[in-house]
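Chains: A, B, C and D, in written order; residue numbering restarts at 1 for each.
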Amino acid sequence: MPELTATAGACPAIRAAIAGGAGYVGGELLRLLIGHPLVEVVAATSTRLAGRRIDTVHPNLRGLCDLTFTAPDRLGEADVLLLALPHRQTMDVLPAMLGTAKHIVDLSADFRLRDPAVYAGYYGVPHTAPDLIGAFVPGLPERHRAELKDADLISVPGCMATAGILALGPLAHLLDGPVEIDARSGSSGAGAGAGEANLHAERSGAMRVFAPTSHRHQAEITQETGLAVRMSATGVEAVRGVQLLCHGTLAAGAGEANVRQAYRRAYQDEPFVRVVAKRRGNYRFPEPKILLGSNFCDVGFAVEPQGRRIVVIAALDNLVKGAAGAAVQCLNIRLGWPERLGLEFPGLHPN
Amino acid sequence: MPELTATAGACPAIRAAIAGGAGYVGGELLRLLIGHPLVEVVAATSTRLAGRRIDTVHPNLRGLCDLTFTAPDRLGEADVLLLALPHRQTMDVLPAMLGTAKHIVDLSADFRLRDPAVYAGYYGVPHTAPDLIGAFVPGLPERHRAELKDADLISVPGCMATAGILALGPLAHLLDGPVEIDARSGSSGAGAGAGEANLHAERSGAMRVFAPTSHRHQAEITQETGLAVRMSATGVEAVRGVQLLCHGTLAAGAGEANVRQAYRRAYQDEPFVRVVAKRRGNYRFPEPKILLGSNFCDVGFAVEPQGRRIVVIAALDNLVKGAAGAAVQCLNIRLGWPERLGLEFPGLHPN
Amino acid sequence: MPELTATAGACPAIRAAIAGGAGYVGGELLRLLIGHPLVEVVAATSTRLAGRRIDTVHPNLRGLCDLTFTAPDRLGEADVLLLALPHRQTMDVLPAMLGTAKHIVDLSADFRLRDPAVYAGYYGVPHTAPDLIGAFVPGLPERHRAELKDADLISVPGCMATAGILALGPLAHLLDGPVEIDARSGSSGAGAGAGEANLHAERSGAMRVFAPTSHRHQAEITQETGLAVRMSATGVEAVRGVQLLCHGTLAAGAGEANVRQAYRRAYQDEPFVRVVAKRRGNYRFPEPKILLGSNFCDVGFAVEPQGRRIVVIAALDNLVKGAAGAAVQCLNIRLGWPERLGLEFPGLHPN
Amino acid sequence: MPELTATAGACPAIRAAIAGGAGYVGGELLRLLIGHPLVEVVAATSTRLAGRRIDTVHPNLRGLCDLTFTAPDRLGEADVLLLALPHRQTMDVLPAMLGTAKHIVDLSADFRLRDPAVYAGYYGVPHTAPDLIGAFVPGLPERHRAELKDADLISVPGCMATAGILALGPLAHLLDGPVEIDARSGSSGAGAGAGEANLHAERSGAMRVFAPTSHRHQAEITQETGLAVRMSATGVEAVRGVQLLCHGTLAAGAGEANVRQAYRRAYQDEPFVRVVAKRRGNYRFPEPKILLGSNFCDVGFAVEPQGRRIVVIAALDNLVKGAAGAAVQCLNIRLGWPERLGLEFPGLHPN
């Protein structure tokens, strides 16, 4: 087939570089930005794979991308810099990168939590760039679209945090007491460099409770919604996909109609949030399976008959709406482009 | 290979018949009883498959079983009758079967709930044999072993009920307030006659929330433990396997040590319950994957640091400890045999 | 979210109708055509679901499609009619539809085989519209692009046939003797109405040899390439995806260089065929996993060292390049549009 | 539960040690021997895990085994020594172990091939103990039972070799010309120490052609059957399980009846080989899915109507009949025990 290089589009407006291009999030950034009509990918870094073709590790990009990986220390300037580097490492290298791009989107955890002490508690190390935290706008368009329009430092929330915030945020005033979140996650969340614990033979078909009483993404949900949440996390069979079951209690007087109304207000104009709460059907509640590759976050709920108990459900693709897709959506907003641009893929049924 | 008929063992003491032998639970009863050194399977019924070889639908029994299915109306007498018939149908046919076997073990839901009104609420029909309910002993050796020793009517609990009761029962006095159970279940739970909703293309990789606020097995847990429980259920990728995450609150003053002690007291002499709560490792909490085919129920827990929140986890194979294995274990008890007989298979790692 | 109806695009040039919209191929046609910038979907038929929203059975289209299913007898005119109806049924209903659309694309098997006797041999019934067969152009752009430019009746090949033809076609002059094809297929190939044989519990993890010595798609490969081929087919775990291993013998004097050259000539300008034959890497040969949702057919090969044996490998998504994507590609050609239009999705890694 | 140590059986006759107890084959040896009524496992070595409990890496053995891993240099004497060490390493360490046990069963590849030059060709290194090769009896009871009765050095064939030999061996005289074998293998074959290539995210749902034109197990098949065979190998989704499709040609005059007769003669008295070739049903040909955990090798075939082409199919669990189960079966023969002892598990349906 004819090699379609990343530069083959129609006069892209923006030159994008990716720091950390060899991982799964980096690969999704590449996929989405190469397919974006107004972006040209100019570089993607990898320490280990510098000089090798990008499509050797991201084989889905064969024929679509002629680039090779750039050594991190040879990364030049760009209009946008997207960082898909590990937690802890990002806060060390980001300060030196501030001048290299006009817009920076970070996909690590390092600039998500406002309070460095909370960060230290969840990530086990003191924050090394606490003064920078306040300069970041959360990469969550549904709640920070206005700020994102002129944000030059954007921090994309964690995949489970995005799901939890989108599910619970509109209902915060309707809920009474703490929320127990039961989160399930596919294996890609552990990353392309995951170790023996993630061997196919060990992980296939598993229901691995890896965070029984607390998961660090819960701190982001509390920060954003004000709700007390406690999250258990289990690794399940899927490669991609996050699903949250949020067990809460409705405030006295609140009922299903209030919940529907709250969601409608919050999401009726949102391009990537769908309320899914049907009476019947295999897909009557949010199901990550059909969101594979898409930028949707589906949210739904069920209220206990004759009761105040509510179960709120959210699902998304952890590498798209939970990471790279959210980054592209933020970029579209920042640059005044249509918000869906490059994010049109609707997901597959069946798959 | 030489055909080893079901009668090839060394003078079995007991003749067993299975009503409903073509389904998944029926198949597991056949597998376990054919391998049981003191049991001879004399008949297994199927309306649809009467006259066809049993190993055509249970291909794992090839070479081990020469029987053909018996039409239900031609089922004769036996020492033990095990019923693996659908809910609702069982209560209609059971009264007429009472005389046909000395010991009856029912695996349907029809004789699990003491209160016919509760049954009607969860199963949607009035109970048609309410007078018989009280004559059944729950097929849960860990809590009813003494009664099982001379029980002639045994009702095996639901798969999620067994997991929930074994996980929560010993802790009932340590818990404060209601328990939220997040149950995950493999696809075999829907049965061999499941419809399009369970096609591979629809179910593969799914996280299908099929019972968001209430699952009928919760009634059995409450009945047995006295705890207020509310169960959400999700169908996940595995074929077999049930896992429960039970979110509860410890009573003031109770802590991890009390929980360990309660479990130790309850299960230190139990052959099929293991307490699994390690500090590290992929299998540090109960994982259905390694229980495939085994009669174990693993229970474990984690207590929130500096808190009273506890997550109790249970896992089992829904067709074995959650059904056929439990039935065989009860039979062993009833007949005074070693409790592990015919149930020695430990499960596989990896699989 | 705002409901984006199928009509929300910018003045689509073409009105498309789908006969058989509730199946898996119909669903993919809907997905691709709704996302196509120059097509407006005006109707999709279903006998069973007439009047119900399309997104109830194709949940990935929620928010993207407001249509309901049309009863087959109420299907009106359109510019393009795509048929995703069952084999045998199509040849009965197609003659009456000839006047209802300017362009007709059939995705059934009924107009693929030139010789009605061969059709009768493989499909078990005499052909009921043999006079129409000759009017169809094969929906295989890589071999029939010129004819497709003015074809008004197009018949898309079978999924395994497309893979086999694209893999073997360019090498036909280099091969000596018959080719043994070992085909593996995901579960979606059995369709949305598949029965108990395709229950998740039965099919999960299976390697089901369902056609050991002959598969009907082999007739299409022979018809198109002139090669004698015999195909075994096995159902494997994936939902989507077809992979063929073609075991052949190189003619005397032919070697790896000739094969590479033949593929280069055939495919260097093809937008949807990639030659994948690397020395190392997990994805060094065609792998259906990374083609999920994409319109690519990857072909590759390995030649036995010091020998004439060659293994040719092909992979594609059976519902896209093996069905709906090929149909859209043909439509793009027929209407003079860019061939990639609406088919840009590159597939996912990992998934 | 009460800890049942490995010594809890009724006066085992034989003390067994395992060299290489931490891998997947080592784990299966442990599972089978711990469950064997006449064997006491006295030690299992691991360099990396010496001193740690065995059930930390083989969690299915919890409650069944109290042993810790032994450092290799501290391995003492035993009645039987089973080696589950890597290829190449085994031939270096085995000579020094000859005196430490009366019976030695090797599960590596190092003593399978009679000709050291063939070994060097397939394994890439010269054989370092060529004089020992001739002393080993193949651990294939179906073809070497008589020799095994007094063999003190036994070499278990490769998993695919066992499948291929059992499928093709009885037909060697009926086949004409070379046989093309298409082998499919689950992920456990790569071992517990497999690297990033076997991460769940990479391997899940894959059809990875890892040996397109030649696989080293083919040499064992040729050695044992005299047939020229060429094997392609593909890694598929299952964790366990090997399936071979062997494409051959029947000699003139040979037909289905001859094949059936040949299999009957070969296997009518075999405890672990079943001929599976039915006219209908999901499991009409050998299917690894239902063999999980069992010691069966199922073989079947289909002959092309009006032709001489035959497809022979074999399936087994690569860690049981393809490794540890075969070792135990050989041991049973060598020690004069019933051949099925400790190998009774029939496999599961569904799973």
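Please note the rule applied: a residue touches a chain if its C-beta (ideal position, glycine included) is under 8 Å from a C-beta of that chain, and two chains touch if they have at least 3 such contacts.
Quantities reported herein were computed from a predicted structural model and do not represent experimental measurements.
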Item checked: Where chain B and chain D overlap in contact partners, by chain label -> A, C
Notebook entry, point to check: If every chain is reduced to the average of its C-alpha atoms, which one ends up farthest from chain C?
Noted result: B
Notebook entry, point to check: Cα centroid separation between chain C and chain D, in whole Å?
Noted result: 39
Next item on the list: Please compute the C-alpha centroid of chain A, do the same for chain D, then give the distance between them in whole Å.
Entry: 45
Note to self: Taking the mean of the C-alpha atoms as each chain's centre, how many Å separate chain A from chain C?
What the structure shows: 33
Notebook entry, point to check: Counting only residues that touch at least 2 other chains, which ones in chain A make the list?
Noted result: 24, 188, 192, 201-202, 204-205, 237, 239, 282, 287, 350-351
Notebook entry, point to check: Any idea which chain B residues touch chain A in the complex?
Noted result: 180, 182, 184, 197, 201-202, 204-209, 212-214, 230, 232, 234, 236-238, 241, 243, 245, 247, 282, 285-289, 301-305, 307, 309-311, 313, 315, 350-351
Next item on the list: Write out the stretch or stretches of chain D touching chain B in their complex.
Entry: 1-2, 24, 27, 31, 34-35, 56, 58-64, 188, 192, 239-240, 267-274, 276, 278, 281, 283, 287, 290-294, 296, 298, 344-351
Item checked: Interfacial residue positions of chain B with respect to chain C in the complex -> 24, 186-188, 190, 192-194, 196, 198-205, 237, 239
